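One structure, as structure tokens, below. Some questions next.
Chains here go by letter, A, B, C, D, E and F, matching the order in which they are written, and residues are numbered from 1 within each.
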Amino acid sequence: MISLQTKFIEKEIPYTGAELRSHFIYDQFDILGDAAVAFIGSAKVDLNQMVDLEDVKQKKPIYSEKMVHFLIEHFEMNLKQMVFCQRILIALMLEELLKRIKQFSLRRSGDDLFDDDAKLTVSIATATPVSSVIHTGINISSRNTPVLTKGLEDYSIDPKDFAETILQSYQREIESIQKAICKVRGVL
Amino acid sequence: MISLQTKFIEKEIPYTGAELRSHFIYDQFDILGDAAVAFIGSAKVDLNQMVDLEDVKQKKPIYSEKMVHFLIEHFEMNLKQMVFCQRILIALMLEELLKRIKQFSLRRSGDDLFDDDAKLTVSIATATPVSSVIHTGINISSRNTPVLTKGLEDYSIDPKDFAETILQSYQREIESIQKAICKVRGVL
Amino acid sequence: MISLQTKFIEKEIPYTGAELRSHFIYDQFDILGDAAVAFIGSAKVDLNQMVDLEDVKQKKPIYSEKMVHFLIEHFEMNLKQMVFCQRILIALMLEELLKRIKQFSLRRSGDDLFDDDAKLTVSIATATPVSSVIHTGINISSRNTPVLTKGLEDYSIDPKDFAETILQSYQREIESIQKAICKVRGVL
Amino acid sequence: MISLQTKFIEKEIPYTGAELRSHFIYDQFDILGDAAVAFIGSAKVDLNQMVDLEDVKQKKPIYSEKMVHFLIEHFEMNLKQMVFCQRILIALMLEELLKRIKQFSLRRSGDDLFDDDAKLTVSIATATPVSSVIHTGINISSRNTPVLTKGLEDYSIDPKDFAETILQSYQREIESIQKAICKVRGVL
Amino acid sequence: MISLQTKFIEKEIPYTGAELRSHFIYDQFDILGDAAVAFIGSAKVDLNQMVDLEDVKQKKPIYSEKMVHFLIEHFEMNLKQMVFCQRILIALMLEELLKRIKQFSLRRSGDDLFDDDAKLTVSIATATPVSSVIHTGINISSRNTPVLTKGLEDYSIDPKDFAETILQSYQREIESIQKAICKVRGVL
Amino acid sequence: MISLQTKFIEKEIPYTGAELRSHFIYDQFDILGDAAVAFIGSAKVDLNQMVDLEDVKQKKPIYSEKMVHFLIEHFEMNLKQMVFCQRILIALMLEELLKRIKQFSLRRSGDDLFDDDAKLTVSIATATPVSSVIHTGINISSRNTPVLTKGLEDYSIDPKDFAETILQSYQREIESIQKAICKVRGVL
């Protein structure tokens, strides 16, 4: 089985988009190989740093006072597989939120989480020359955001506890996917 | 974009495991290409038809009086990608169930749905020589099952309506994944 | 099936080589996903913009007063598959030219079209970090070219009509290839 | 470069469909590796031997008194790449026929060659557990065929000479594709 | 990192060729996922069980009174990668033998080990519908073999100790390869 | 079979790390396609040119007065396959050294060769946008190196003769791997 390494980083780190690159996790946190890390920090991604060209076209830079950021790097996944991983990560986040706050206004739409019309997350998956990477941020604060948002504070959810739970459930899911590949016979 | 074709089959079809093969959808329903279909029928899969070798080893044949069955075939996905698709399908089913019945005892564990300890689904993804295939069944009836189960009847959910909603949301999710691949620039 | 989007762009665009990049079609024409577009314009590609290293080595920059340009982007094809697509595109162009002008001096040699020794086309396929791309230009004018050429004007072929026919036949071919993958059983 | 081996087999061999399998070329002709061979013989493929499920569904068995058969096996190509190869093979056959007989009623439609409404060829590409394979047959005789056909005899084309020319041009095309992959720099 | 599981099986098992299949390791030893196991036993593989078609053609069945057998299964490697793994396994075996017996007549030739002209090993890598598998046997006894052989007994090497050393060094090599993929930046 | 081209370059070339890029072999030596070349020269790779991020992190630039350098480029191999090739190259170098100097203090550890604790080689494999590349250098001189080293001079091995032998054995190994893929039937 692939053992994905995970770590919650205690230090606050402002997210600028430059962190979405190969080996950021290795360079900064000395974790070599497939890994998922989380940290708390503001989010301010200028248009020229953004990789979602739809958002660039619509001039929608990313801004949040405070988010939990998830950075994931897989070394033998292509972009398509990474988008699958991203969707599963978002589904896990919804499932965890629902377990904690039991509000049926929460919903997933592709790679976004909403509470009614309020946006909780930003997320992107892309390719590097040697790996694929995901960034997903979920608001802690919902103040001063360019669109209507909600954040973990609004639900009284502890960001670090939430982050660690998601890191564990993502790790478990990836391992369980790996196991699923190994236990089936082919059919005609 | 890939346009996945979907169809709810009105005719009841007992699921025996033999349906989990390449081109079953084309042979039976004349739909050529990537497709997801759903139908209603019993489920009785003998051990020698099962592809989950863990279940074979533990001698856990599949039995349900009545299920909604989903059969999916993708022609340019390998087994790993198909397991990702399977997880996303199950996540979509959980999200739909929660939307309809608002019971927080519902949860996903890998490719299974549970209500507390009662199992709602069976699911498998495997490879054929020319494609990959998924079978997922969700109980309609929870009577006479080998383990504790719940079914759509227990929640007063209309099976056909549920099936059609899931087929649509799976189609939308696959299209949105496809689009996500096409709108990002790479990073270093 | 993949539905490749196609569009003939009415506006003239000079081709400089910089257009051969990922997402040019999305950025300029707002078409997201696999696509083939055509437009009319001059071609002047300096050596430092060229991607064919054989031509760079032989110091053969590209120049034509007026061409029909085809730009194609596929998001889940690697370079090898893209070279196959390029060959098929050129074969389609030969077949269309032969249908229209019935001159047996026309011939394909790899990714080039010739009329006897006169060159009709330039063509290249390459990879981007997130997709693969093709540029193929066919001369409208054959004046002032660095080598002996022929152009659509020499055959009294309407460039726009030719471009639209090729876009359609390429789309049909790609769809038919996709279908071919879905209709065969494997053998031993 | 891949060096595809080619051979025209002098002995007549009736084609039954069983020849479309991995290592037939190695077993019969002792050619190990990627190879294209051609031979002359009848074609009689029963429905249960056919791999084109559309033809099986429409109950269209293959029959021809005498054909030139091309069998091709590539060991590191998947089904999609093999369908590309098949199209290129058919394009080469059209180009060769046009060069020889200069009749503009000849045309390619996907993996089929026609002379007006008369069918000249049958062709299929499929996957084996270790390789991909193509069979293409072009009629020599057009007598007693289930649909309207034309054959090389109708054009006074020598089958062996035609076969050897096609084997050479296919080999040249595959080598030239291989070379095309090696001479381009990537773009952004 | 992939963690390849390894196990030396204490029970003697005669090797007949039927063991070279997907999930043999899971079925017999309850190890799920990428794994390498070793056991001691005779080797008698009839021609119809052999997967090396060159040996089948030359009618060279496998026979040895007593061998150490290595069976390896990787679930996300294709045949090409598995042949690489096989070569590395054989290189590791040579390196271990040289360390132990310091005889320069030992040499590797592709996937075979020789002592001068005496053959020490048999080895094959092939694909299953869901994985790739390797069998490598090294003679313990060199008596009664169809060709000139040497075995571990001739060098007074303890088979179990040799097997366990090789299992460990193969595991280490695979992990180190995995790590090598994760620590390099791409270049232009 | 892939025919890998090889060449020993007579001219001395100082290795700076900039040579590890796509098409260096084509640009400098006019060899198009998969190729392995060797040349003699110093090695001085500054940290900002290094692709091994572990060495960068540990601030271990590369320096050697004189080395035999091997540069290899394969156009249809991904990074994982290239790391396999690198290991096989190093194994071949060990086997050749042992054949020549018969010192059992020589050993391979992953992609490094050692004589006891003295390092003989540096080696790296990485990906380019269109290919994968390997650099391996083996010391000729062991003077003035930042760590304890040995070189071919210490063993009185002629560098050019060694280089040519390795180029040939690498070519033979790659061809034999290619052949191995083509001669096996799949199993279940």
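By definition in this document, a residue touches a chain if its C-beta (ideal position, glycine included) is under 8 Å from a C-beta of that chain, and two chains touch if they have at least 3 such contacts.
All of these numbers come straight from a predicted model, not from anything done at the bench.
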**Report entry** Least hop count linking chain A to chain D through chains in contact
**Finding:** 2
Query raised in the report: Hey, what chains does chain E share as contacts with chain F?
Result: A, D
Query - D-E or B-C, whichever has more C-beta pairs in contact - result: B-C
Requested in this report: Since chain C and chain D are copies that touch, just let me know if over half of their interface numbering is common to both, same, or not, different.
Outcome: same
Requested in this report: Tell me, please, which chain's centre (mean of its C-alpha atoms) is farthest from the centre of chain E?
Outcome: C
**Report entry** Listed chain pair C-D, A-C or E-F that repeats interface A-F [over half of contact pairs the same by residue number]
**Finding:** A-C
Requested in this report: Report, in whole Å, the distance between the mean C-alpha point of chain C and the mean C-alpha point of chain E.
Outcome: 49
Report task. Find the geometric centre of each of chain A and chain E from their Cα atoms only, then give the gap between the two centres in Å, rounded to an integer. Result -> 42
Query - Multi-chain contact residues (two or more partners), chain B - result: 22-23, 26, 32, 53-54, 76, 79-80, 126-130, 181, 183-186, 188
Requested in this report: Identify every two-chain combination in which the chains touch.
Outcome: A-B, A-C, A-E, A-F, B-C, B-D, B-E, C-D, C-F, D-E, D-F, E-F
Requested in this report: Using the touch definition up top, name the residues of chain F that touch chain A in the complex.
Outcome: 53-54, 57, 79-80, 126-129, 188
Query - Interfacial residue positions of chain C with respect to chain A in the complex - result: 23, 26-27, 30, 32, 76, 129-130, 185-186
Query raised in the report: What part of chain A is in contact with chain B in the complex they form?
Result: 20-22, 51-54, 79-81, 83-88, 91, 94-95, 98-99, 102, 104, 107-108, 110-111, 124-129, 133, 173, 176-177, 180-181, 183-188
**Report entry** chain D to chain F touching residues, read off their complex
**Finding:** 1-3, 22-23, 26, 32-34, 75-76, 128-131, 178-179, 181-186
